[in-house]
Each structure stands twice: as C-alpha cells, then as structure tokens.
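In order of appearance the chains are A, B, C and D, and numbering begins at 1 in each one.
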C-alpha cells in the first residue's frame, strides 16, 4: 500500500529489459549516437512536427533549463502559487536561470486563474527596469493538485501569452497522466494550444530516469547545448536514456502505464468517497488523490502498512480540516495494483 | 576498434542485471531508502572511515558541486591548466559555484607542479579583496594526460593545501584506473594523503551513470543537500544509482574492470611502440594512451573501422608533431578486447 | 511643484560644501583612510554600540548585499508584497545573493502582517531540500506605502525572527523619515527591536549618494568585504561618501532634513483632505502621501507645472478608484518648500 | 609624496564646483533628466558618432557590465594575464556576467601578444560545449603595466576579434592617460580601431566618481538597462555624475589633467633613471612608473614621508630583483606636483 509518490516505484520491466539490451557495444557519447538521433526522431512523430529534444537528469532540471533558455536580466516567470517550480525545486529555477524571478499567481484547484494572470502580467505593461520584465508563463499539466487543465483552459492561458508576447512552458512531469485524462493527442495538448517548451517527464511513469526538454520551435533551442552543459546536465552515456525511452514510447507503453495509474486513482477516489472516515478534499482526474481523513483511521492504516504522506492544506482552504482530520496526498503509479488500492480503502 | 573514449562503452552485464533486479517494488525517493543507505555504508567500508556520499548525474556535476561546497565570495580554485574542470566542463564549475574562479597552474604530464602551485597560491598570502582568496586545490587522478600522481606527488600537493589551509579535492573520473595503477587502497590514495573531497566516478568504468561526491569529513557536507537540490542534481529514483553501485562494488568488480582497461592500454602502448608509423607522445600508466602517428596510417586505420580522436598537442609541446603527423588520444575501457587492440595495432 | 520622488532633489548645500572641503589632499583609497574610519565611528555613537559599516552605491545595493551576507543555497527571504526588494529592484536582490528567493507576505498599509508572516515562515518548519529554507526577514521603515511600523509592530516581527532563528533586515531608504515620525532613537528603532542589519539611506534625504549597510553584530559582516567587491560596489575614492556623511550627521542635519520633509507631507495631507477634488487613499505618516484625485484636476495641476506620478492601486484595494479618478503618489523632500505645497493644493 | 595610486587624490576643484552648482533644483532621477541627456550627447561629439552611455559606480562595474552585455552560457573572455579584470576585481567580472570565464593570455609589458591571443582563441575554433565558446576580447588602455598599446598594436588585436567575430572591449580606467600619450583622438583609439565597448574612467583622473560604459554600436546596448539595474548600478541622482562629467569634459579639462599626470610621470622616470639607487623595471609611457629600488633607499624615503607601494614582480620576470631590491609601483595623478616628484627623487 504505497501511495507516497509515483517516484517510489522502480522501472517497468520492459524499460529494464531495454536497458539491458543496449548495454553492450559502443556508441558515441553526449547525445550524438545514431540511437539517440533515432529516439529524438520519435518525438517528431509523436508531436507531429519537428522538435528539438534535450535529455536532462531530473524534472527540476527540465523545468529550470527550459526557463533558462528564455531567461533575461530582470526576467519574471509567471506560475501558479503551488507550482512545483515555486514550491518544490529548492530554488533551482532561480539558480539555473541566472537569478530570474518567479511570480506566483492564484487560481483554484492548482490551476492558474487566467484573469489573475492577466492582471499580474499587465502590471508590467509599462516598461520599467525597476519592475523587471516578463519572460515566460509556465503551467503544470497535470497540476500539482491532481487536476488537469482542459484544452479550453490552456487556450485561455495561451491567449495571454500570445498577447503579451511571452513563451509558454508546460511542466509535464505527469504529462502522460494528463494526456490520457483528456483523451487528447500530444500535439493537441501542447503546441496546438500555444505551448512553446515542454518538460517531458518519463521518470514518474515507469522509467528509471528519463526527462527531456522539448522545443516546438527548434530555433528557440540554439543556446540549449551550452546552457545544458553549463549546468552539468549533459549525460555522457546518453544511450541509457535513449534505451529507456525506446521501450517507453514503443507501442504506446507510456500511455498504457498512465492509463493504469489514472484508473487506480479512479478506484481510490471511488473507494474513499464511499467511506465514512474519508472524503475527497477536491476533485482530481489524474493519478493524485487528495483526501481528508480521520487521523485515527490514518494511524490504523499506517499500522497495517500503508505508506501515505500528510499534506499541507492549500493556503486558500484554511478551514479544510475538521478536528482530528488530516489531509492525505495519495499518488498511484504504473506499479500500483488493484489489491493495494482495495486493501488501503479497507484499512483506512 | 573503438578508442574514442571510455564513455562510448555501455554498461557491464552485472550492472545491467543489478538494475533489472531492483526494478520492482517500492523504495523511498530522493536518496532516503534503506538500499541507498546500504550503499552509502559500503563507501564507509571501502574508505575505512565514515564518509558522506552524494550521488549526482555527471562527473562535471560531481566536480562542480564539490567545489560549490567550499565556495565563497571572491574564491579561487587552483587546478592544472589542462584539468577537466578548466578545459572540458563548459563553465559548469564557475556557474554551479556561484561564479568563483579557476586558477590554472602549469606542470608536466598533466600533473600540477608543486613549486608552481606554491608560487600561485602564495600570491594570495596578503589578504586582498581585489585579488580574491584561495578556496580550494583540485587534482585529477588519473590525470587527463593518462598519467597518475604517485602517493609522494599527492603528498607534495597536500602539504601546500595544508600550509595554506585549503581543502583538497580530487577529480576521480578515472579513480579506479589510478588505484590499480598505483596498487594503493582507496584510503591510501585519498584522505590518508590529505584529500578532503572526492569525485568518485563509476560511469567511465562500466556503469551507466554513477557519480558520487565523497566527503571524508562529513561535517564539511552540511550544505550539500541544499546545494545539490539547487543545482537540480537530486535524482528521485536514487535506487537506479544504488543498484548500479551495488554490483559495481560487489567482489571488487570495479577494480577488476579498471585492471582490464589498464591492461588493454598496456597492450596498446607496447604494440604502438613497436610500430614504425607510431610512437608514444609521452608515458602514461592508466587507460589513456597518447600516440603520435603518421596521418596516412591513421587514415588507413579509420578506413578499416578504427574509431579514434585527433587531439590538440599540449601548449607546452609545440614541436611534438612532425610533418604529416597527428596526435591521437586512445582510451580503453572495461569493454575493450585484446582483439580490438591487436587489430588496431595491425592496421595503423 | 515637484512631488515625483525624493530622489528628484539634489544635495543639501552643507553636503555639497563638505564635498568641496574634502576635494584636495591625498587619502587612502577603498575605505581605509582615517576619515573613513572616523565616519564609521560616528555610526557607533549614533547607534550606541559597535557596528560594522559598509558604503555601497545604491539603496538597491544596500538591500541586496545585506541579504547576500546571510544567503545560503535554497534560501528564502520573507518580505512584504510591495517591498522595494520585491517590486522595484529589477531582480538585484535575487541576482546579487546568488539566486535566493523572495517570499512575499501580505499586510495592510505596506506593513507585513505578523500572523501572515508566521504562517509563511512556519510552512518551512519541517526541513526540506525541496521547499528550501528561510534565510531572512526584511522590513522597510518607513514603508513603501508611506506608513511607519510602530516599535510594537517591529517587536512582533522581531519575535518571529527570533523564534525561527532568522536574521532581521531593515530597508531604511527613508530611515530618517521613520525615525522622526516615531520620535525614537536610532538604537530604539533597530537593534533594540531585534534588527540585525540595516540599509541606511542618505540619498533620498539630502545626500548625492550615500548608502551604507550597518551590521549591529560586526561578526556577521566577516564575508562582506569580499561580497561587496565581487558585486563591484567598493568605491575607490570613499572619501566622497565620508565627506557627505560627515555633513549629514553633523549637528543632526539628517534629522532636521527628515523633519522638514515630514512636515511638508503633513501640510500636503492637511491641504488635500480639505479639497473636494482629492482625498487621502490611506493614512501615512512619513514623507509620502497617497491621494485619490480627480483626473481633470490632476491634468489642470500638471498643466500648471505640477510634477506628480500616477500610481498603481495596491492589489488589495481593487475598488479604490471611482470613475475619472486616479491615484497619486506625492513625495516631499528636504528641498520641498511650503510654497510648492500650497501652490499644488491650490491648483489640484 | 603620494604615489600609491591615482585614486588617493580627491577631486579637481572645477569638478567639485560643478557638483555644487548642480546641487539645487529638481531633476528627473535614474538618468532620465535633460542634463543627463546633454552629457550623453557630449560623448557623441567626443567620439564623432552616436554612442550609448551608461553611468556606473566603479571601474570594476564598468568592465563587468560591459562583458555582461555580451555574455552567453559557456562564454570565455580573453584578457592579458595581468589585466585588472583577471587580477584585481575580486571576481566581479565572473559574478556579474553570470559566471562566464576569463582566459588569461601572455604578452610582454602588460600587453596581449597577438600571436598568443590567436593561438588561444583558435583552440575554440571547433565548436564544443565542453570547451565553451569565445565571447569577447578585452584590452586595457593604458595597461596595468603603465604601457600603452600603439594604434598598430590595437589593430593587430582587433583583426583577431574581427576574424573570430568577437566583440572587443577596452578597459579605459586610464583612458585619458593613454590618449595623451598617443596623441590620438578618442575615435582613433577606439571604434576606428575596432573597439566595440569602452569602460570610460574619470575617477582616477580627477573625478570623485565618474565611470561610464560606452557602446559604439548603440544596438549592442539593448539589454544594458536591465543588466545595470539587476547589478544595483543604477544611481538615482544621476545628476551627481553628469555634473562631474560636465566639468571634466568642458574645455578638455580631462586631457589637460591627464597630460599633467603623464608629465609628472615623465619627470619621475627621468629622475629615477639618473639615480644610483633606482632603475626603471621596464619602460612605461602613461602615469605609472615601475622602478626597481634599493630597499634601504625606499625605507629612508618612507621615513621621510613617501607613500609608495611594493609591487609583485611579473610572473615572467622572476630574476628582476637583485639582493636587497624591491619593485615599486609609482602612480602620478592630476594632483601630483613637481615638488612632490623632485622631493621623492631626492630622498630615495
């Protein structure tokens, strides 16, 4: 009963196998091998256009270097208040962009409110060295709150980005989970909406370590090779990433795994709703479930082996918890089984 | 016949196997799992003392963050002119230390000349905000020139570090190759010599991706968790590093692989010396061989499948090459076979 | 009728005179002359304890380097949402601290709300590399909204700083204006309240350019000489700062000038309150007045020579302005005359 | 007898006067006043073309931000080994450019050797993220060794900059001294030679504090307003710089002052050459004199009030000093008198 995070799982067997298959022989290092090129080409197919692909070590690196590629002196990036870049990356976005700033914007359910965004960005309409200047907007899809922006909601954000002439970045640490939740194509959820740069995450969805920055306008990536090296994010044996991604993308394994995670979360949502001791804190659609639970029930579940995290209630929900209640974040993954879910629901 | 670099090889079968073995089940993320702790403990055994261990993504990251841990405003790190940090890390050491400086020092055969080092460091003896201030000395073992510092040579450097009260860092991207060349123990080649921080490299010696920063005085590592996260170098599924290192260290596989690489380099050295068309540019003892070769011979070898790099002659050897000669850097690895070596010697 | 900002005025005659007096002769450079030491000693007297004093070029530099002196990887500084560091320094605090972050906190009238601060800081109580870690709290006295923290209000902030073991910084760009408004001594308004580091501003109050960072615990300043030089903020001819400050502090000229500014602001407040076309947006006590005014009246005043800025209404006062109204920020200075004030009140 | 440095002098009376004259009245802040614009226009006249002018606080800031304006990830700037940026700016060029690197090049008499420069830059001809990439060349005029590049020598450096498509920066901390030594016009010594960016220093030549960055192609300065603000180098009361520069440039006062300094250095050179106890370490032409002197003679001179600094012999002159000899750096300024020079020659 492990629902602490989707990064507590290991690697899918097919991905481990692929790594073993590519272990022998020689290949050019630093992303220049034929196999690396082949994998990059698969991203072109997936996104239905030519893209520039850069492997990096972590999701934090993907976000930080994506923003670094559009950084400028006095730059300000607009994000949701609870965005991973703002809350959980230990200052890496600031550090790796050369000290630009994040400007947190409010919004319900982990999604940027377009009206609040417009007001925030518009405060910079009159150029001023004192205020600094907008450099990017970033959204997380699926969000840190387990919700998913609809295509219309993405359009609303993208319209502001376009009006203000700002690049739009998407943190896709759980890209696949959002995709299957929306039943959209990768192109439809990204550049067709106006997304310019994507952090494509594979690690949380069954890879060991597979994160890539995707530029939908390859000409925006010209500085990236130097930016990536400067940040010590250029792997030498890039084959070990390519090998994972080959299996990950093959026959849409990645979508299959995400569908499974989401289905397990659905089962969890249904089960928790039916219980007396728990209720959903808010509606989610991807592989994260936020549940308000009785502390005693949680203690009992933990005693029986449930691994779950208490979570801080959002700032805008100060009265979420009743006496003796706690907020749980429950995350499912490719490895979650029905049995785990059912057992947890039973013991909580 | 692949001698381009030791990072053109893949992963040793035992390391691939170990990864597969650890692919299933759940484990705490971000380096906090029991298995991670177990591997860290193995480093204590290996080094015969308590050490602090930090996994990072690349050798460049290991070097840069090791220096970041001792960085200060106006800081200056002394290194060999041709040190990897100075020549081949794309500015990462400067960037990830918050803009400290590298001070290149001369020395034959890729090794810092202790006298030149003493002069260089002593120029900072009178404190001055204008000049900045020494913050570290870094040596590479084995060096970028394929040579290995003897224990006495390390002592000479360490004596200066001690006199000037400076931390001593060792870039051990090819740590194992140096170790077997010297027939020394890990402790003897590091903290017993005065080394404070080690970049321990496994990638070039048979891992997919396994680099660690080792602090011999764990109290020097207090800031490292935040420094590592800030640089986006904290893996989530750290198990995939631990699993590699488990196999790497098990039954001294790592030393066995390095011994093999070095032996293949020995064979290459002997073979090239015996040829008319080639000669050794200088003596090396680890798994890199630098050979002056007739350009036509090299062209013929390449036509027959040899993958070798031309190298820039060192700045202090301007007359190394005769007419129609080129300098080759030849690197052997755990994957190099006798047949490859013999075939190359034959065709060159 | 110049009320655009207190930095539109020049220098007080006594300060200009003092500069002329010190123009001849030789003096050691870079802050090491006897005269520099003499001025530093005056700060000891003023603050009734030994302090460390560092001249820098701008108020932005003073704030940024004060924070740099306590910076650490993953560091987070808590400030008011509308604090100068957060809104008007073009990213300098982030850049010059090596990419630490600012965490904006709400509060009425430009003052940090202690409860909101406590909640914000407490979110970091459980150590986490992902969240980063608190490194400082900063308050502005007088605030950017023209208000002044009472001593009790400072105590409330300082109590949190103490509980959380955080250094407390005060941005004193308008330090003198706050001091005379509170009728407090410099010691009472700073270290006796728990302030550790002060940005002491002289420029807005009659100097050409005189900004200093004051450390109330000199041992906290050990790194500052290198931090200041690294940021290119070490003047060579420091005499030109010392000469200004000599006149500035002599016979409490600085307090006299600030009293004048505040009195002119009082006169402005009284006059605007009495008009039909204007009203105070909120109460202020220092030398800034925020007035809601009829746009036509403002246009007429400008036509007659009034130099005043329109200001953005605070985010938490979305309904401040009626139809055809604008918000004005009016700043008085040592150079403001009664005639200017009276004329402006007449024409607006 | 003060020959410690030209920044030990104060301000020329005409400059002090000008400051006093501009002390009253109101003027727009942050470099936007009419008077600021007027002074900027004078630079257009002086350089015989439209230039972009940015005042900053120190010479270190001028150099650092000039380089920041052309900075890029992995960037490398080529400078002389003993250049001020490399030796005496406490790491500011690295820090304020976002952690780019300096690459020291050899050359006699403080001047970059064009052949050595060509070799150094050419090592980067094959693009490589590992090596980084050239971003600028910087020369100091007059040099830190008291010498002056001839126009031909500047042409040789500029030719390499042009071939390699690199911007050429000139550190003109002692610009006026070089100009009068060469009897060249400002245009002839800068953009007509190929210089793109100039650090124009007034402080060492009679100003209190007047440093400017001059862009000869104004379109290269587009990012500068944000870069300057981010580094806390934007003065509010810029009038206090403009007022100094008005007097400085009026009737070529600046050239008159530099001629005087150089003449005093000539007198010093002649006098020291004629003594038994001293000799010139090398030929200089600007306002710095490097003399090898008998230690006892120096001690006697100091006892009689001479203020002179011992200097470290250049790295390439290890045998410069005989037994009981020391190297002195003697700097003259606008304030140096014949009497001081003659007295020093007598007592040494």
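In the analysis below, a residue touches a chain if its C-beta (ideal position, glycine included) is under 8 Å from a C-beta of that chain, and two chains touch if they have at least 3 such contacts.
Chain labels with UniProt names: A, B, C, D = L-threonine aldolase.
Since the structure is predicted, the reported quantities are computational estimates derived from the model, not experimental observations.
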| item | value |
| --- | --- |
| Copies chain C (L-threonine aldolase) and chain D (L-threonine aldolase) touch via same or different residues, half shared test | same |
| Farthest chain relative to chain B (L-threonine aldolase) (centres taken as mean CA coordinates) | C |
| Geometric centre distance via CA averages, chain D (L-threonine aldolase)-chain B (L-threonine aldolase), whole Å | 41 |
| Distance between the centres, which are taken as Cα means, of chain D (L-threonine aldolase) and chain C (L-threonine aldolase), whole angstrom | 34 |
| For chain A (L-threonine aldolase) paired with chain D (L-threonine aldolase), centre-to-centre distance based on mean C-alpha positions, whole Å | 50 |
| Chain C (L-threonine aldolase), residues touching no fewer than two other chains | 30, 73-74, 89-91, 95, 98-99, 129-130, 132, 226, 229-230, 234 |
| In the complex with chain D (L-threonine aldolase), residue positions of chain C (L-threonine aldolase) that touch it | 2, 4-5, 7-13, 15-17, 19-20, 22-30, 56-61, 64-65, 89-92, 95-96, 203-204, 208-209, 226, 229-237, 239-240, 307, 335 |
| Chain D (L-threonine aldolase) contact footprint on chain B (L-threonine aldolase) (complex, rising order) | 73-76, 87-91, 94-95, 97-102, 104, 123, 129-132, 312 |
| Residue ranges of chain D (L-threonine aldolase) touching chain A (L-threonine aldolase) (in the complex, touch as defined) | 30, 68, 72-74, 98-99, 129-130, 132-133, 223, 225-230, 234 |
